[in-house]
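Two complexes are shown next, each including chain A; its partner changes from chain B in the first to chain C in the second.
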Partner chain A sequence: MPRNSDRSGSVMLEFTLTAVPLIFANVSLVWMCLGMWQYHTLAEAVNFTARIAAVHGAGCAGQTCATTADSTAKLLAARALGISAGQLNVTLTSSASTITCNPLSTCYGNTAAWPSLAGNTSGTDITITATYNFSSPISLWSPGNGVQQFNAVTLGANSKQAVAF
Partner chain B sequence: MGTGLKRNRSRGGQALVMATVSLFLMMGVMSLAVDLGWGYLRRDVAQTAADAAASAVIKAAVTSSPSSQSCGSNNVWCGTPAGTATSCPTTAPTSPVTSFDYGCMLAAANGFTPNGSSRTVTIQANTTSPAPAVPGTTVTYWATVKISENATPFFGSPTGGSLLSSTAVSTAAITSPATAVHGPCLYLLATSGAALTVGNGAHVTTSSCGIYVNSSASNAITVIGATITSSSVKVVGGVSLSNGGTISPTPVTGVSAVADPFSTLPSQTAAGSCNSGNFGTWQATPYTPAPGTYCGMNVSNGVSAVLSTGIYIINGGTFSVAGGSTVTASGVMIYLTNGATVSIANGANVTMSAETSGTYEGILFYQDRSLTSPGSSSFSGGATMHLSGSLYFPHASLYFDNGNNAQTEAIIASSIDFQGGATLNQATSQSQTGLVVSTPAVTSIIE
Partner chain C sequence: MNICRSSRLSAGSRRGSAAVEVGLLLPWIVFSFIAILDFGFCAYAIIATQNAARIGAAWGAASSANATSANLTTKACAYAVAELQYAPTPVTACGAALSVTASNPTVGSLSTVEVSVTYTVTLLAIPGMMPGSLAITRTVQLPVRN
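And then the complex of A and B:
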């Protein structure tokens, strides 16, 4: 029996030594994958939105196909699946104007033309820059740090395209 | 004892079980991340393919029918009925003919050939305006390419279905119809010496077309008490102005030499015998020479000649029109070979125009380019000289004095000396001077 009790302790020790790093690894992996997913989603959404703006440029100025800050923001939000528009900061830049959407949802209802008429000529560049604070609980697993808040990692995406039409 | 040992052995495998479970979890999460990334990649690639295919449809239509597009004409494809979405074939076209073929070929070149099940490529096109996908635009031809794909995940779908379904749509269009873009109408091909000389108070005007001088000499353009007014003046070498000579706009110097625009124009071969070309005896009715080979052609003072449509080969001698004579010709080309030159004297009444179609469209005078040092030709008819077409003398010097009547023509010569005013007007079509009048349509992806 004493030998069995000793062995029970070793099992507990084995469990502790194995479970802690494994759970840490699993949780970390899940969050890293989530972060990468959001990073790719953001990049793809920004690129797609910039493309749409570029092909609805000078040729759409004053027409029903013209893009506005509102339509651009909503398109980006719809494309950025799983990313909260309330935590996504976006800057819309053309050669003549810059519209800041901090966060993205503040540009909903903004009917200002973007690219603006003055900066909306074929061949000129437009840029959409987005940043998103990705919060991960990984830091909670750092031993000895006391009370922790989720560390935010800023995910960035940028797309620069020439107005094609 | 025995029981206790057995229990210990079973507890000793816990780590292995946990590690195994964790590995499955990690593998699952990783596979999800990889497959999601793969899905994004396939969507981006599909969008690139759709953009390329839509652009190809439009570019093909512009190439085959530059000035205007009509469904079913000149390989401008619109489907049947026009505007109907049509699937690309499962085998990519290798010898594309219609704009549809080009679109399918480009989609395939970017990795998207329909396979009848998980991948489709459809093209929709028409000449209506606006394009349905982009209201408010004015287009003359549009094409929408839609690519759909159910990509197979690397690690499989948990449901066995199409987890990675993506669709990419692109619309391209001709957003601005073709407009004429004119190049030079005065080419001087000599690479040395004063290639363009203007003097004696002459006013050379090419306001609607440019001047290009290949000479690298510092006095490649020499203006002495005269003026040049052009849409552009470009010269490899330099410019010499004296006695109040002016050039507008300021010439662009140091440019690269331009190629002979008619370098591929085929030559003519003279017949073994010559027709009589001496029209020196007055008669009540005009002479009416027919196309053929002449060992010189001389129209004397007071004599009239009406040249029939066709090619006249002057095999040596001179194409000479004396003052007071009258020469009328429509749709002709005068081919000068075996040292033949041109002399149109002051006071000659000359009205000549080039062929408007065929190999020699727009070419009025063509001096055999195998003559590397031909004699100079002179055009001195003045206000009664009406020449419509190109004067092509690639190795000869030309002499212009007494002015000319403003006319649609181009001059391609080794060098030229204007001692009287001359006005050259731009051609509005290739048939007028043989020079390509570029008419590019503006195309763009619009959706």
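And then the complex of A and C:
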């Protein structure tokens, strides 16, 4: 029968060995939940912003209700809670103009009218496309050519709506 | 003496206990992963399908010309495809994973547009609990504006 001293610390050793994958799993679960939340938030924000844009079409050109790339970008950023505007790439497309915001924060201060343009008449389509690089530290635990990298998954959302007026 | 024997026995019985505990916990951890992914995908699919149906119906309800247009289903399908472009099971056209029906029923004296979108999302199957795919249908009916 082995002596007590041979067994001392064995539970601690086993715990140490099993704690590593357990902590990995717990951190992964939390980050997966965060990723899902951002996935949904992005979709909701894009849809909401597209709806706002759809009711600010040609009818608002030259009016007080006219919207710009700046106001649209800031509206989208405000709805996309928890998503950094510096990591969010957005394309605003309409029949009259296309504005690319890579990242979204570059459109802050852009006073170009969108979609309140004469070409965006009732019935024409506008589209807002957004992609977001979701970075997770999960991969810190994975070997990668000796370099620890934050793994990224591209989350996206798209909404196409007809200009109402 | 009895205490010493008991102590030796319990020390011996503890060998491998942590590994066994992790082994017992592991299925629940894996289950949690799959459940979170499936729940997240389902939630996204439900929201996107609802939005797709509403956008299609809004286009149809914008005018009586749209409501009676032969393109009503085609337009509703185009909006649904755009809305579901980044969905868990991406779609590029109406077909097996995405189907759209649109009609122009009259409720009393009110002309309406009804758009129904069915989207089939692919999931990670949990045997006996969660199927490998789930068909989500959302219907929106709106009155025609003019």
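Everything below uses one rule, namely that the second predicted complex is superposed on the first by the 154 of 165 C-alpha atoms of A that agree within 3 Å, B and C clash if a C-alpha of one lies under 4 Å from a C-alpha of the other, contacts with A are read in each partner's own complex, and residues count from 1 in each chain.
Methods note: a residue touches a chain if its C-beta (ideal position, glycine included) is under 8 Å from a C-beta of that chain, and two chains touch if they have at least 3 such contacts.
Keep in mind it's a predicted model, so treat the numbers as computed, not measured.
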Inset, instruction - Could you say whether A:A66 touches chain B, chain C, both of them, or neither, answering first, second, both or neither? - result: first
Inset, instruction - Scan A:A157 for contacts with chain B and chain C and give back first, second, both or neither. - result: second
Inset, instruction - Quick one: classify A:V55 as touching chain B (first), chain C (second), both or neither. - result: first
Inset, instruction - For A:M36, decide between first (touching chain B), second (touching chain C), both and neither. - result: both
Legend entry - Which of chain B and chain C A:A25 touches, first, second, both or neither: both
Inset, instruction - Go through the superposed model and pick first if A:V11 touches only chain B, second if only chain C, both, or neither. - result: both
Inset, instruction - Could you tell me which stretches of chain A are touched by chain B in one complex and by chain C in the other? - result: 1, 4, 7, 11, 14-15, 18, 22, 25, 29, 33, 36, 40, 44, 47, 122, 164
Inset, instruction - Write out the stretch or stretches of chain A touching chain C in their complex. - result: 1, 4, 7, 10-11, 14-15, 17-18, 21-22, 25, 28-29, 32-33, 35-36, 39-40, 43-44, 47, 122-123, 127, 129, 131, 155-162, 164
Legend entry - Complex contacts: residues of chain A adjacent to chain B: 1, 3-4, 7-8, 11, 14-15, 18-19, 22-23, 25-26, 29-30, 33, 36-37, 40-41, 44, 47-48, 51-52, 55-56, 59-60, 63-66, 122, 164-165
Legend entry - List of chain B residues in touch with chain A within their complex: 4, 7-8, 11-12, 14-15, 18-19, 22, 25-26, 29-30, 32-33, 36-37, 40, 43-44, 47, 130, 134-137, 175, 444-447
Legend entry - Touching residues on chain C, where the partner in the complex is chain A: 7-8, 11-12, 14-19, 21-22, 25, 29, 32-33, 36-37, 39-40, 43-44, 47-48, 51, 55, 58-59, 62-63, 66, 78-79, 82-83, 85-86
